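Both complexes shown next keep subunit A, but they swap its partner, so subunit B is in the first and subunit C is in the second.
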Partner chain A sequence: MPENINPVNPPVAPRPTSGPLAPPPPVEGWRIDLLATFPWLKWLVKQRWFQFALILPNLFLFLVFLVAGIWGTPVGNRNILIVFVWIFWWFLLISVLVPFMSRIWCTMCPFPFFGEWLQRGSLLTPKLARPNSNDKKVGLNRYFGLNLRWPKALSNIWLQNIGFLGLCTFSAFYLTRPIVSVVVLGSLIVIATVLHLIFRQRAFCNYVCPVSGFLSLYSMSSMTEVRSKDADTCLKCHDKSCLVGGERGWGCPWFNYPSKMERNNYCGLCTECIKTCPHDNMTIRLRPFATDTKLKGYDEAWKAFIMLSLALAYSVIYLGPWGFFKDVANFTESGKGLSYFIAYAVCLWSLPMLVIPAIYSAFHWVARRAAGGTAKPWKESFLTMAYPLVPLGLLAWIAFSLPLIFINGSYILVTMSDPFGWGWDLFHTAHTAWSPVVPDWMPAIQVAILALGLVLVLKSVFKQAGKLYEDQKAKIRFAIPMAGLMTLIVLVFVRLYVN
Partner chain B sequence: MTKKIKDLSPQEVLALAISVERSNRQALDNYAHMFDGYDTEVAQRFRVLAEEESKHEQLLRKKAQELFGGNLPSVDGFDVQEVVEALDMDDSEHLIFDSLKARKVYELALQAEKKAQDFYREAGRHTTNKALATLFAELGGMEDDHAGWLQAQLNKEKNSEDKHA
Partner chain C sequence: MDPKKKGRWLVAAVLVAAGWFLPSLATSPSPAPQKREFDIVAHKYAYEPSIIQVNQGDEVHIRFSSKDVMHGFYLEGYDIDAVAEPGKTDIQFRHPSQTVLFTQAKEIVFKADRRGKFRYRCSFTCGYMHPFMLGVLLVQPNFLFGQAMGLMIGIFLAGFVLAWPSKPLPAKAEGVVV
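Now for the complex of A and B:
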């Protein structure tokens, strides 16, 4: 057993078995406390400048990209904005950052930077609200702006679901035209800044940012988590600094109560809780893939449907041999009529919002009938069994994204040397020829990833079914149709990629 | 080095009980701050509970005055292994989904008080020190009162809901 793999939170005294004082649910699998293993990392994340140091270079690059988008070449694969954001960043995000480092992107994301700066009135040092003053505050910290709470009716990820689908509908425009990408990315910065001035803390990130929505979902599968080390220490703590903030740091900007955190979805890895905890009780741990398994609402389940459907749709549009679909998606350039594009948009929205959920519901209904006996409520069972779509969707996206970098990776070298397409050759790579890497192997690699996904997902289906049915036979009868559905989905992807 | 509560002296136990009530008041005040601007009833309930904890602290201080002339050592929750009493939220995402209901606040408090009752009773059963056993019994009794108050609030609410239904 490697060092620093600790049993988590062993209770020291008899504890109730349910309620907030109950011991935390048993933690499945191994954990490696990264801050205990790497003291330099602990030192680093405890520095107030840590997050700023990650954001700053990113912000600089982002501004360069925007400049390139406005004044650089309009040829997509020669413009650094298109190549770095939609090929390199996307691949890095979905294939490396999310699976291994959860929402580390949110730690360094430049979108909320200006808004958060204005909202906090400080870049680094946390500000305390002055007692008996009219300071706008959340917990113990002082904030500027209107500091309103986000409307209750919108306290979910439906806006993000719709926003992401909306963005994806027009993907062919911004994937090929730098100026459209500038409008999209620039708008996100403007919206984030305005919302930070109206609503408290990271309302934009939690409820609006379309990227944050899928990061939230797929971070459940990630191999990194921020959690408390010892539940009893948190119970005894009256400061609750991770929640309300204090002199050492801001209260959780994501509205989480970090000491009780049991899933990654809404943890933006800002590391404020690690800085503020007076008992040094928050840490970052490594864990097995696909550990968080609880979807809490239909909004999250639909996010899983949306992501899976889009992976499927994009595989058809961008990787498939059917040029027709690409032409329809990019109708202004291809000359296809608007009516084709409208039909495409209707199909793109219907697939995740209606078709896939309907198919899933049908299988779920059959599974419940097959299991017989007393079933858990429909909603609980629906959400529990929707979870396997999360790791499946993530692996499908990785399979989709691999060709982006392997086939088109040489454009990265080109645009690094000539970011604006102005004929520069900064690193002597501007004239690198388009050279796909192992193109013949690509389908095999994609199928291998999907096969790995299928194994994980089938395991997960049976485990999730066990949460709904105690009786072993009922559990198996319930799991079989759901496992059939997951297998069917994987086979559709395999068919697409092998073709 | 943390001790087990049964190994504390009566003075230390009382000092711990006072510290726990004070600590709970601060935690509840902090929750109230966070729910300001959300459901006002939720924030208000945390404040009511914080005040209750403050009253409990005063009662215990009075007790300490009677028993030990007010001279108590410095002991807090972190000096002992066990968790005596702590109201904690049951979900880390209440503020994200605005999902904490006012009734739930009292239910959480009731669970905490019941836990404290059980804790003192259990501690009383395991000590051979008679003075300490008496003190545990008294502290358990006080927690009974607190739990009774919360139960009464919840019953009142339920009756009122039933009437409206």
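Now for the complex of A and C:
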């Protein structure tokens, strides 16, 4: 659940030791302050145009993609929309951006651009609320639109979970048909814009965007974080500009209290807190992989189940040799009939919503019984031990995505030169022959990725078990079934990829 | 590093190495090479059969055909690419690393000298799901599969060796000043 601290009238308490304004817990492992190490980076992120400069080229490309989707060739692998979004972007996002740069995609995402522009009434310069006026404001900044609070009952990622599963049910259509992709991506822009005009700040990104849901989960594993440098400076700060905004920048649009942020989940890396902080106390740091380890609610645990299950299901449907699954997923063309598709959808939804959680719960129950002694409450231990599924899922997705780019990467060259499939040859690469890169090495590379994943996961299982049981023997007894489950999941992926 | 910790790391490394290497040692002798013949029919978006299995050293003959639109047969790791047209028994064939030009052929013939899992994929754009149209050639013994399973089990066991609680130190070691 997001650290939903309302940025209106922040309390300024002197040095509290607990509660929302208490200092964040001390960090584990090494950190490298990137803004101190690279002064040019600090200069860059402090510029008001920084985020806009990242969004603008993406927005342009996005519009080109939409045009290609509507007027270009309907053949997916010859259309820049399908090739760039679902092959290139997806690979880049899951294999590079998320593991190394957290939610940098959210910094440059074009979906909320129009909505945020309208909501702020400004592209670059923050607007201050005028005294004694009827301005809609959050903190010190002025906004346009209804500026309503997001309903508390929906302040979690369940909507994103359901939206993502819903989208993935129809993946065979938008992954292969440009016009369906236009409908999906175009709808996201429209929904984002409308919601920005109704609800305050980035409610769409935090609670609705289906991409944001899994980015929030997997950014926990990322090697980059935005954090305060010194907790004491934040406690003494009377401005709380990171929260309420000001003339240097907007208050955190993601409903975070940046100085107390202890997880990456709901930080969209917009860098507003770095710009607004009067004490230069916010920074971007490099850190070890899989550092944030706390899932805060069942919504986040279920996101982990959903992502893992989909990696498994997609490995069967898209990387497997079984035509039956492709036919039912692609029922309108194959003629399999709606009843098959409904059965497929039921299976696809049951796997992450019921089957995998039931298996996980059974192993978790056995683990608690095996450990004996005084156990922490079920929910706490359930969420604590669900965390290892986060790095496991991320590595499984990387293993799944690698063949997509290595096998189909040559389509990128083709569509660069002929984005719409109209016979252009802009860069003389339009006639590049389809040539998979090291396809016969793919199973071995996937095994290496899964092995790395298992190492990280087991390390995480023992660490998480240690949070639940002080007694070393109880910890090991508890860890055996949980580690066994994680290993079994990896073995299923190995079976799919290598045999 | 203290010797106990060193010992644990050593045992963990041995377990991981054993998991990787043992499966490749524990295999029965390979059968004598044979001539293996298959009829593979392509249709949107699958091959029948979708999985074929041979032994290393076998001479593989594949008669490849299509029953709806033009389909390709690109075999990973064997430098083979063929295209079948519906209603025709002859195919277009080439070695992609050697030439972009296809020549006419009756069947695909090759010696299965590389073991493991190789996918055959459609190399001729055939429709919406074309990039996902594939089949599997398994050349036994598929050592990588056994090794990968062994590796994961080795990592699992190694994890416990490293995480197992140490025995408490004997009382005399607890800072007794004489």
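What we mean here is this: the second predicted complex is superposed on the first by the 475 of 499 C-alpha atoms of A that agree within 3 Å, B and C clash if a C-alpha of one lies under 4 Å from a C-alpha of the other, contacts with A are read in each partner's own complex, and residues count from 1 in each chain.
As a working rule, a contact is a pair of C-beta atoms (placed from the backbone, for glycine too) under 8 Å apart; a residue touches a chain by one contact, two chains touch by 3 or more.
As the structure is a prediction and not an experimental result, all values here were calculated from the model.
Bringing the complexes onto one copy of subunit A puts subunit B beside subunit C with no clash. Of the two partner chains, subunit C is the only one touched by A:L454; subunit B is not.
In the overlay built on the shared chain, the residue A:P439 is in contact with subunit C alone; subunit B does not reach it. After overlaying the two complexes on the shared chain, residue contacts for A:W254 are found with subunit B alone; subunit C is out of touch. Contact with neither subunit B nor subunit C is seen for A:T374 once the two complexes are overlaid on the shared chain. Look at A:N132: by the touch rule set out above, it reaches neither subunit B nor subunit C. Legend: residue contacts after superposition of the two complexes on their common chain; A:K236 is shown touching subunit B, with no touch to subunit C.
When the two complexes are overlaid on their common chain A, residue A:L148 makes contact with subunit B while staying clear of subunit C. Distance between subunit B and subunit C in the overlay is 32 Å (nearest C-alpha pair, rounded to whole angstrom).
Chain contact summary for the complex, subunit A toward subunit C: residues 75-78, 172, 176-177, 317-324, 326-327, 330, 333-334, 407-408, 411, 433-436, 439-440, 442-444, 447, 450-451, 454-455, 458-459, 461-462, 472-473, 475-476, 479-480, 483-484, 487, 490-491, 494-495, 498-499. Residue ranges of subunit C in contact with subunit A, taken from their complex: 43-48, 50-51, 74, 76-77, 96, 100, 114, 116-119, 121, 123, 125, 127-136, 138, 142, 144-145, 147-149, 151-153, 155-156, 159-160, 163-165.
Across the complex, subunit A is touched by residues 22-27, 30-31, 33-34, 37-38, 77-78, 81-83, 86-98, 108, 111-112, 115, 119, 122 of subunit B. The touching residues of subunit A, counted against subunit B in their complex, run 12-16, 19-21, 137-140, 147-149, 152, 155-156, 200, 206, 232-240, 243-244, 251, 254-262, 265-266, 279, 296-297.
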